[in-house]
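Each structure below is given as structure tokens.
In the two complexes that follow, subunit A is the common piece, with subunit B as its partner first and subunit C second.
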Partner chain A sequence: MLDYIAYRVAVLIPTLLAVSLAVFLVLHLVPGDPARNAAGPDAAEEDIELIREQFGLDQPLWRQYGIYLGNIVRGDLGESFRTRRPVLDEIVRRMPATLELAGFAMLFAVVVGVALGVVASMRPNSAIDSAVNGLSALGISAPVFFLGLLLMLLFSARLQWLPPSGRGTMAHLVLPTITLGLPYVATFARVARSTMLDVLSEDYIRTARAKGLVWRRVVWRHALINAAVPLVTLLGVYFGRLLGGAVIVETIFAWPGLGRLMVDGIIQRDINLVQGCILFFATAIVLVNLVVDLLYSVLDPRIARG
Partner chain B sequence: MIAFLRFLLLTGRWFALLGVGVIALFLLAAVCAPLFFSWEEATRVNLGDALAAPSAALPLGADEMGRSMVARLVWGARVSLLVAGLSVGVALIAGLVIGGLCGFYENRLTFVTMRAMDAIISFPRILVAIMLITILGPGIVSLTLAIAISSVPVFARLFRGPVLSLKKRDYVVAARSLGAGDGRLLFRHVMPNLTALIVVQGSISLAEAVLIASGLSFLGLGPQPPVPEWGAMIAQSRSHLMSTPHVVLAPGIALFVFVLALNLVGDGLRDFSDPRASGTGGR
Partner chain C sequence: MSDGAPVLAVEGLRTSFGAVRAVDGVSFSVRRGETLCIVGESGSGKSATALSIMGLIPRAAGKVVDGTVRLAGRGDLRRLDDTSMAEVRGRDIGMVFQEPMSALNPVFRIGSQIGEPLRVHRGLSRREAHERAVELLAMVGVPSPAQRALDYPHQLSGGMRQRAVIAMAIACEPALILADEPTTALDVTIQAQILALFEDLQDRLGVAMVFITHDLRVVAEIADQVCVMYAGVVVEQGAARDVLRNPLHPYTQGLLGCVPRAGAGGTSRRLNAIPGTVPSLAALPQGCRFRSRCPHAFARCAEEEPPLLHQGGDGRAFRCWLTEAAA
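Moving on to the complex of A and B:
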């Protein structure tokens, strides 16, 4: 088990290196001169030259990457082309908002989704099952930004129960969390239902039932733990997608997170900023996947031995 | 197609049938858009009609620039279908080639290729697409390309698996012993078995592509004004959501219904190609 953890942590470093190289290469193939873009349309030639020198854009690409990598190790992600502030400061300032949103949305999706899926699996083909099935089809097809605006229209404008945008109190968190989490409620419900149906047909479930255990207890204690393994793997995959979705949700609700920062960076061609944001998202996804894999091997010890 | 419709009818899959009808309607709107409304009607600013309520002349009212909502919705269907259709088509072909080759030949190169595909898949598609649009600049062409490229790894991984097992089948080995070359084996004996998978995955991917395209357009990374794209229409009109909700509701409902129809038909196709995998079968 310890060997497995050590191995997984050791693989982390080359993975992150590869990610940083890929992000760097892709973004530096940008057509057009980043220095000219950053300086603005009517900047003097000397100013552009100054920016180019200042940000090291006159160096060959491999040296730029070397310098960039060296700086990352020292916790320096470069300066934003626009605001001239350190990118890391901007990211650290915005990060809590995004993590808060993604975390609550994940919690919402897992708790509600798994509960719906288990209830549906207890009575396959019943009215509850069909309702969960239908709802999950709707949830998968709903465009996040439209859903968000509908919720805003209903709960903020018409009923005036919740604030329409911004961050601060728990009330501010409700609509963005539901908007971001709802499609994943549908996915978790679907997966929970189908894995539970598989587990419930196993022999040990019949045994547990035959020895007289209460059916509800069999489902929630015996079956759910065994159905949890595939669900945990999904956590890793969907955390990444949730971060992607956060980009859109943050725009709808004026949520001051990283996603909005990144989109603004793209529109303004602020490469250092975009690079920092993507690197942050990538690192977060890699780390969450690591935690999920370790959790997975705790739930199913055969993985670590394999 | 007729066999599929008959299957839906005989097994009572009314939602999937409804989906087929909705898609046909949207397809008609997209293909015949110029017959119903001129490009002018969908894009010319006419502030006199700004935010007009629905009337006989403007069945769904007008947006904040006074442009007919119906005309913009119909042209928007064309944009969405074009972006989603082209990107899924390109990605399918590229995914088939990469997945097919990587399944057929097992060597160091294909191993590295598949690991690279796995690495890309572990990132959310919308982030991959956003990164590509950063390079290509916002616009309809780069939107299509970004969605296509970000879905290639999904298809490559999906198609590689079956190729790995199909190439060991007796009839493929028999064809090889009869002297068939690699190309003939791959394209004549292995690939045709992927048809069902291609059709099912294609329709589901189309739904996903429409969603991602509209999401990126909503962020301002898709077609630029005045091109009518549903996601972009919602973004541009959203400040009028509270006063005149129809300017946001109309494109939103169009988008939602279209994606739902694609998903319903995708589910129907899955059941059609493999009735045992039926989602509603239960136990």
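Moving on to the complex of A and C:
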């Protein structure tokens, strides 16, 4: 098991290298001059040139990438063009807000989604099943920005139950969490339902009933654990998309997280900042998927370790 | 061995899957210490009969539409609500299935699966149930039961898995064991061991047993009573000895002709196959259901379905016009 973890962590390095290269190239090849942006609209040519030199933007691209990589290895993600503060500090400062939002949204999606899916699967084609189906269709098709504004309009503007923006209390967390998590509630509900229906037709479910277990216990104990592997897989896949969604949700609800930091960075053409954010997101996604893979062998004893 | 009132008495059982009448009026009973074999080809309704008794016909697929299933001390099981029926399953009736691999939950340890009925029905703690599971594994002849109890199903061989399933079925000392082709998926040598285990357990526990099989050699080995099923109905039933020695229904005769026999002067005897296949239950022919495959069919067989004709007082019965005419 330890060997396997070490192997998997080693494999992360080329993955992250590829990500860093891709991000670096994209950001340096898009039109626009980051130095000019950083200097401001009225800056003199000399000042712009100075900034260009200062950030190494006058060097050949391959050399810039080499320097960049060397710095990353030392834990230095460079300085923000705009604030002149280390990018790593900016990320660390904003990270808790994003992790909080993404974590709660994922929790919301998994708990509510799986519960709805399981309940639907217990009585296929019943009224409950149809209701869950309808809701998930709605959840999947509603765009995040639309859903967010709608919720804000209803619960903040009309009913005045919840704050429309900002971060601080648990109440601030409610609307962003729902907005970010709802599409994934729908997805988890659908997958949980279909996986559970497959599992419930297995022979061992009949055995469990023949032992005298009531249907509830059969479903929640014997079936759900067997349905867990595909659901956990989904968790890995959707964590990345959820972080992508966080960028939008943070912007809608003025949530002071990494997503907004990155959006601001993109607008300002703050290359170092954007690179750092994307690298952070990529690392988070890759790590979550590693944890997911390790979870398989915990959940299903048939999957060999190592 | 067989005495007193029947442990299980099934009367006029009918189970439909939509328009398909998979079980079409089946009656039999089995006493304490007695083994009843239900024999028939695939599609004859024998597994549907077992699932009907257990109340485990999938709701979406079909349902028991008529008849009574009386279990000693519990009355007619068909009248019980879901909760009471769940109490009967595993406690009063233990069930053993055909495929020991798929019958066990892959993600739970063997011991916890065997102990589960004890926890549910007897209120045993996790630890007590585990200790009892180890004893049960020893009882069904699993070597090093303490280690095996901690294994997962995929770590056991087919024969050991089936022993584990049997241990699970007998955990609460049920009055009745319902075994649905428990040896079919196993190697021949393992089959013999499992059959011997069933016989041994029956001697020790005195349970009544309903044993479903398509293998007449199994019937010859363990049955006291036998029911021969064809296309959803019983075509012949009675004491196993009588039915095997003197089959009265052409289908039973055909089945017996299919069994290879070594020695006993029968070495040169050719194996007979029954021509044709079981008719579709959705479109049964008029008259006798076996007519199209019967070598002796005559005019009356096409007109009228023969009723179950009783012969003597020992429960011998058959469903054939020909034998009636000859009798």
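Rule of thumb we're sticking to: the second predicted complex is superposed on the first by the 298 of 306 C-alpha atoms of A that agree within 3 Å, B and C clash if a C-alpha of one lies under 4 Å from a C-alpha of the other, contacts with A are read in each partner's own complex, and residues count from 1 in each chain.
The criterion applied here is as follows: a residue touches a chain if its C-beta (ideal position, glycine included) is under 8 Å from a C-beta of that chain, and two chains touch if they have at least 3 such contacts.
Nothing here was measured: the structure is a model prediction, and the numbers come from that model.
**Q** Using the overlay on subunit A, decide if subunit B and subunit C clash or can fit next to each other.
**A** fit
**Q** Does the superposition put A:Asn71 against subunit B (first), subunit C (second), both, or neither?
**A** Once the two structures are laid over each other on A, A:Asn71 reaches no partner at all.
**Q** According to the stated criteria, A:Thr283 is in contact with first (subunit B), second (subunit C), both, or neither; which is it?
**A** After superposition on chain A, A:Thr283 lies in contact with neither partner.
**Q** So in the superposed three-chain picture, is A:Gln54 touching just subunit B, just subunit C, both, or none of them (first/second/both/neither)?
**A** neither
**Q** Kindly classify A:Asp203 by the partners it touches after superposition: subunit B alone (first), subunit C alone (second), both, or neither?
**A** A:Asp203: touches subunit C, not subunit B.
**Q** Scan A:Phe145 for contacts with subunit B and subunit C and give back first, second, both or neither.
**A** Touch status of A:Phe145: first partner only.
**Q** Between subunit B and subunit C, which one contacts more residues of subunit A in the superposed model?
**A** B
**Q** In the superposed arrangement, does A:Pro124 touch subunit B (first), subunit C (second), both or neither?
**A** both
**Q** A:Gln268 contacts which: subunit B (first), subunit C (second), both, neither?
**A** neither
**Q** Using only C-alpha atoms, work out how near subunit B sits to subunit C after the chain A superposition, in angstrom.
**A** 6
**Q** Taking the two structures together, which residues of subunit A meet both subunit B and subunit C?
**A** The overlap between the subunit B and subunit C interfaces on subunit A comprises residues 124-125.
**Q** Residues of subunit B touching subunit A in their complex?
**A** Interface residues on the subunit B side: 15, 119, 122-127, 130-135, 137-138, 207, 211, 214-215, 218-221, 231, 234-235, 238, 241-242, 245, 248, 252, 255-256, 259-260, 262-264, 267, 279-280, 282-283.
**Q** Residues of subunit C touching subunit A in their complex?
**A** 54, 56, 60, 82-83, 86-91, 95, 97, 99, 102-108, 116-117, 120-121, 152, 154, 165, 168
**Q** Which subunit A residues qualify as touching subunit C in the complex?
**A** Touching subunit C from subunit A are residues 124-125, 202-204, 206-215, 217, 222, 225-226, 299-302.
**Q** Which residues of subunit A touch subunit B in their complex?
**A** 18, 23, 26-27, 29-31, 124-125, 129-130, 133, 137-138, 140-146, 149-150, 152-153, 157, 197, 200-201, 237, 240-241, 243-245, 247-248, 251, 262-263, 266-267, 271, 274, 278, 281-282, 285-286, 289
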